[in-house]
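What follows is chain A paired twice: with chain B in the first complex and chain C in the second.
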Partner chain A sequence: MADLLLSPFADFAFMQRALVGVIAIALAGGPVGVFLMLRRMSLTGDAMAHAILPGAAIGYLIAGLSLPAMTIGGLVAGVVVAVAAGLVSRFTALKEDASLAAFYLLSLALGVTIVSLRGSNVDLLHVLFGTVLALDDSTLLLISAISTITVLALALFYRPLVLECVDPTFLRSVSRAGTPTHLVFLGLVVLNLVGGFHALGTLLAVGMMMLPAAASRFWTNDITIMMVASVAIGIVSGIGGLLLSFHAELPAGPAIILTAGGIYGLSLLLGREGGLLWLAWPGRHLEA
Partner chain B sequence: MRATSIRFHEVTLGYGRHPAVHHLDGEIPAGSLTAVVGPNGAGKSTLLKGIVGTLTPLDGRISIDPPGRTPIAYLPQAAEIDRSFPLSVYDLVAMGLWSRAGLFGGVGRRDRARIEEALAAVGLVGFERRPISTLSGGQMQRALFARLLLQDASLILLDEPFTAIDARTTADLLDLVRRWHDENRTVIAVLHDLDMVRRAFPQTLLIAREPVAWGETDRVLSPENLLAARRMVEAHDPYAAPCRRSAA
Partner chain C sequence: MLTRRHALSLLAGTLALTALPGSGQAQTGGKLDVVATFSILGDLVKEVGGERVSVTTLVGPNGDAHVYAPSPTDARRLMDAKVVFVNGLKFEGWIDRLIASSGTKAAIVEAARGITPIKGEEDDHGHDHGHDHGHDHGGLDPHAWQNVANAKVYVANIRDALTTADPAGKGAYEAQAAAYLARLDALDAEIKEIVARIPKERRRIITSHDAFRYFQEAYGIVFVAPQGVSTDAEASAKDVAKIIRQIRREKVKAIFVENVSDPRLMERIAQETGARIGERVFSDALSGPEGPAGTYIEMMRHNIRAFSTALSS
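Right after this comes the complex of A and B.
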């Protein structure tokens, strides 16, 4: 048993690197995912992941498979879309989901157009599905740095973040921190998606945020515990997914997300706070 | 505590270019207790938003004395509170400490004592750990009043604080309003219950987009004034011409 669980990580350097990568991603992705969920922005995260793709592709076209070029490309595309959509929804009648859809479609179309202008047959598998089993030192450093920045920033902006979710009118009446907080948060989402896409690809990176967060919602009504639970679920999914991919020879990224999906399914069924089994058999009503 | 006064200089507040409060001129004296009364659509909530500063006047200006960042405690009409958010009553009330603790400031033993005092003052002892999703309408309003207490502001704005609230809760919360008045805080409340206004509020502003009457409650709430307010034109005329009255 211990052999099955430990030896892949003990014997293979690429598994150790992958392990460090997924733990770093889970540490920041968990709390960011919880806030995305509580702010009803789960689909925003998804849309932003799509917005990053053309930026990373442009970076790839210019400089090949270079970490800085693709990271900067993805960051720029993500930040432009996030900030533009955020500003439009704050200052016009258009809601955030609509303005975000508009901007990410634009950025997607623009990216595809630029690719076709170059006329090269680009291998974007790396960008689309990631290479969690081939993380080099600089990529690991990047992911860990992003994770550190994210956790620190969330700690600093914790109060306005919570307040903006619960009672935005109140926050506006006591402080001007609302809009900057929102923009910082969107920036963190982009940063984590860019970090995540090196390991899991642009399409699956958001999975390490949303699936653990959604699963943790079924276990607690306390936001602090929810964030801790979501980090734990992320780490367990990462380890489980890597082992699954190692033993069953499955692609690692999808195996990780599938494991997280499995935990989400279990939580949906068994979770103490609104899980389906508890809804179906709640037990007899209480006295008060 | 130095009391806060508000001066309106020919203020017009509105949305787009359409006025909701039209040419309001006058003063809310420091330490006064004022009711704002008028039909639906008369611009009462808009007036409060203008004072808080979330709505910029289309014309004229509002000056608050002492100038600078006077802490304002504002209870909006339908508080946009996300009740499904996993937050405890204690934490909701603790938000009232924002002006003191801000983004990073610590919440110390004295602050926690103040939070407990505020919860006791609104009769919510024992509710500390309850998630806000489990509160009834009246309990929520009590919690929001506890938060107002903690804000310790010299200017307090209440937008229909007693709408859909039962008699006992209303009486309890009205006692808090009186206490604020005794502490020389300036309180402005939008209200519909004229009996309550006559009983508890010395000053009244009767407004129907234009100010109808303003001053001592008994004089303002005369049958003639109320009738005039009721005749307010509620029509929103998309072809209205630009207003020719000059601002101050």
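Right after this comes the complex of A and C.
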């Protein structure tokens, strides 16, 4: 048993690198996902993940499979869409979800168009779906740096962030930190999506944020514990997904997200806070 | 699916034949408009057709015909064409629908018709396939042009199809085809000679996309691939681990990156095993005209030189 779990990582450097990569992504992705969820911005995260696509595609068109070009392209595109969607909903009659949907569809279409502009689109497909098995030194450094920055920034802005989740009106009445906090948070989301897409691709990167966060919500009401739980779930999904990919011959990126999805499903069923079983037999609460 | 394609091509073929008497006048600029689905096939058609035909390729240099997404322009090109050359053997999965939806009356010619197909299943050693003819339509390896002998079949098919579509050019097509076939014979001999100079136990290569089965069978260099036959299958961790184990166990000397697969994965494997990364080789598509593999003959020559350099050093 231990052999099944350990030997893939002990024998192969690419598995070790993939492991380091997914742990780094889970460390930052979990807490960011929890905040996204509590602020009812889960779909915003998804929309922004798609928004990165045209930016990364342009970076690829200009400089090929170059880490900085695609990172910068993705960052710029993500920030532009986040800010533009915010502005449109603030200054026009359109609500934020509608404007986000518009921007996300636009960027998806734009991304696919840019992809087809270039004859050789298979490299780009690899980029869009990520290559968690082929993380080189610079990509690992980038992902770890993003995680570090994210965790530090979350620690720094923890209070206003939590307050804005629970009672934004109160925060606005006592402090002017609301808008900057929101912007910093959006920046962190984009940063983590860009880090995640190098490993999992633009379409799946958001999965390592939202699925662990959503699963952890079923286990606790305490936001701190929720973040710890989401990080733990993220790491377990990463390891489980890599092992699944190793033993069952599944593509690695989707296997990781599917494992996270499995944990989400279990939490949905068994979770102590509003899980289906506990709702069906409320009496169990008294036993527990 | 193949039967439907046959039916379609038969239908389209008869339509084109009945329309033939008038079609001579409809040529634009005096040239016969033909379409080839991918760059290698396009090059062969150009060699045979010469001045008399104008060739359009749908999937350009460095593109991957397995997962190509056709555009409306492609449908229009099919409409304008008198002959459409496809590889066949299910190489272009998207072509059936494109032909049906474009409503083209062009003759559809399967260039690979008449070659002996190799089955596409996982097969690490591939010496004796027993030349079983494909009863199983699904699992055939379409990359037949990697054997020069098959390319000669392509050329004969192209010559016949062009002659049918444009009988006035019969002499020209036959002369050009004959000249080209002679060059292919020389190429075939050259490849065999280069392979003969590589020690037998060193003829093992890892490449990222399993497209060299025909090359392997014809010339005796053994290829191992970390992915299945199609580039649209993503390699799993187990596949990569298998390759690394195999390189270590069999002391494979060289890894080759193709122009259509993920080079980062190859680099990871190379770093982990100490095998050499060879030059870029070309399997499914030509490079641009200024690249090292602008034509079919240049491509084959480039590939065999790259293989032999990495294996002999």
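Note that the second predicted complex is superposed on the first by the 256 of 288 C-alpha atoms of A that agree within 3 Å, B and C clash if a C-alpha of one lies under 4 Å from a C-alpha of the other, contacts with A are read in each partner's own complex, and residues count from 1 in each chain.
Simple rule for what comes next: a contact is a pair of C-beta atoms (placed from the backbone, for glycine too) under 8 Å apart; a residue touches a chain by one contact, two chains touch by 3 or more.
Here the structure is a predicted model, which is why all the values come from computation and not from measurement.
S.K.: Looking at chain A, does chain B or chain C touch a larger number of its residues?
M.R.: C
S.K.: In the overlaid three-chain picture, which partner chain does A:Leu156 touch, first (chain B) or second (chain C), both, or neither?
M.R.: The answer is first: A:Leu156 touches chain B but not chain C.
S.K.: Does chain B (first) or chain C (second) touch A:Met226, or do both, or does neither?
M.R.: Touch partner of A:Met226: chain B, not chain C.
S.K.: Based on the superposed arrangement, let me know which partner A:Thr131 touches: chain B (first), chain C (second), both, or neither?
M.R.: In the superposition, A:Thr131 touches chain C alone.
S.K.: Return first, second, both or neither, reflecting whether A:Ala177 touches chain B, chain C, both chains, or no partner chain.
M.R.: first
S.K.: Is A:Ala56 touching the first partner chain B, the second partner chain C, both, or neither of them?
M.R.: In the superposition, A:Ala56 contacts neither chain B nor chain C.
S.K.: With the two complexes superposed on chain A, say which partner A:His247 touches: chain B (first), chain C (second), both, or neither.
M.R.: second
S.K.: Is A:Leu38 touching anything from chain B or chain C once the two structures are fitted on A? First, second, both or neither.
M.R.: Touch partner of A:Leu38: chain B, not chain C.
S.K.: Would you sort A:Pro8 into first (chain B), second (chain C), both or neither based on which partner it touches?
M.R.: second
S.K.: If we overlay the two complexes on their shared chain A, which of chain B and chain C does A:Pro168 touch? Say first, second, both or neither.
M.R.: first
S.K.: Which of the residues in chain A end up touching chain C in this complex?
M.R.: Residues 8, 11-15, 17-18, 65, 116, 119-123, 125-126, 129, 131, 133-136, 242, 245-255.
S.K.: Hey, which residues of chain B end up touching chain A in the complex?
M.R.: Of all residues in chain B, those touching chain A are 52, 54, 71-74, 76, 79-82, 85-88, 91-92, 95, 98-99, 102-104, 131-133, 147, 151.
S.K.: Quick one: in the complex, what on chain A touches chain B?
M.R.: Of all residues in chain A, those touching chain B are 38, 156-157, 159-160, 162-163, 165-170, 172-175, 177, 220-223, 226.
S.K.: Flag every residue of chain C that touches chain A in the complex, lowest number first.
M.R.: 59-64, 67, 69, 71, 231, 233-241, 244, 259-265, 267-269, 271-272, 285
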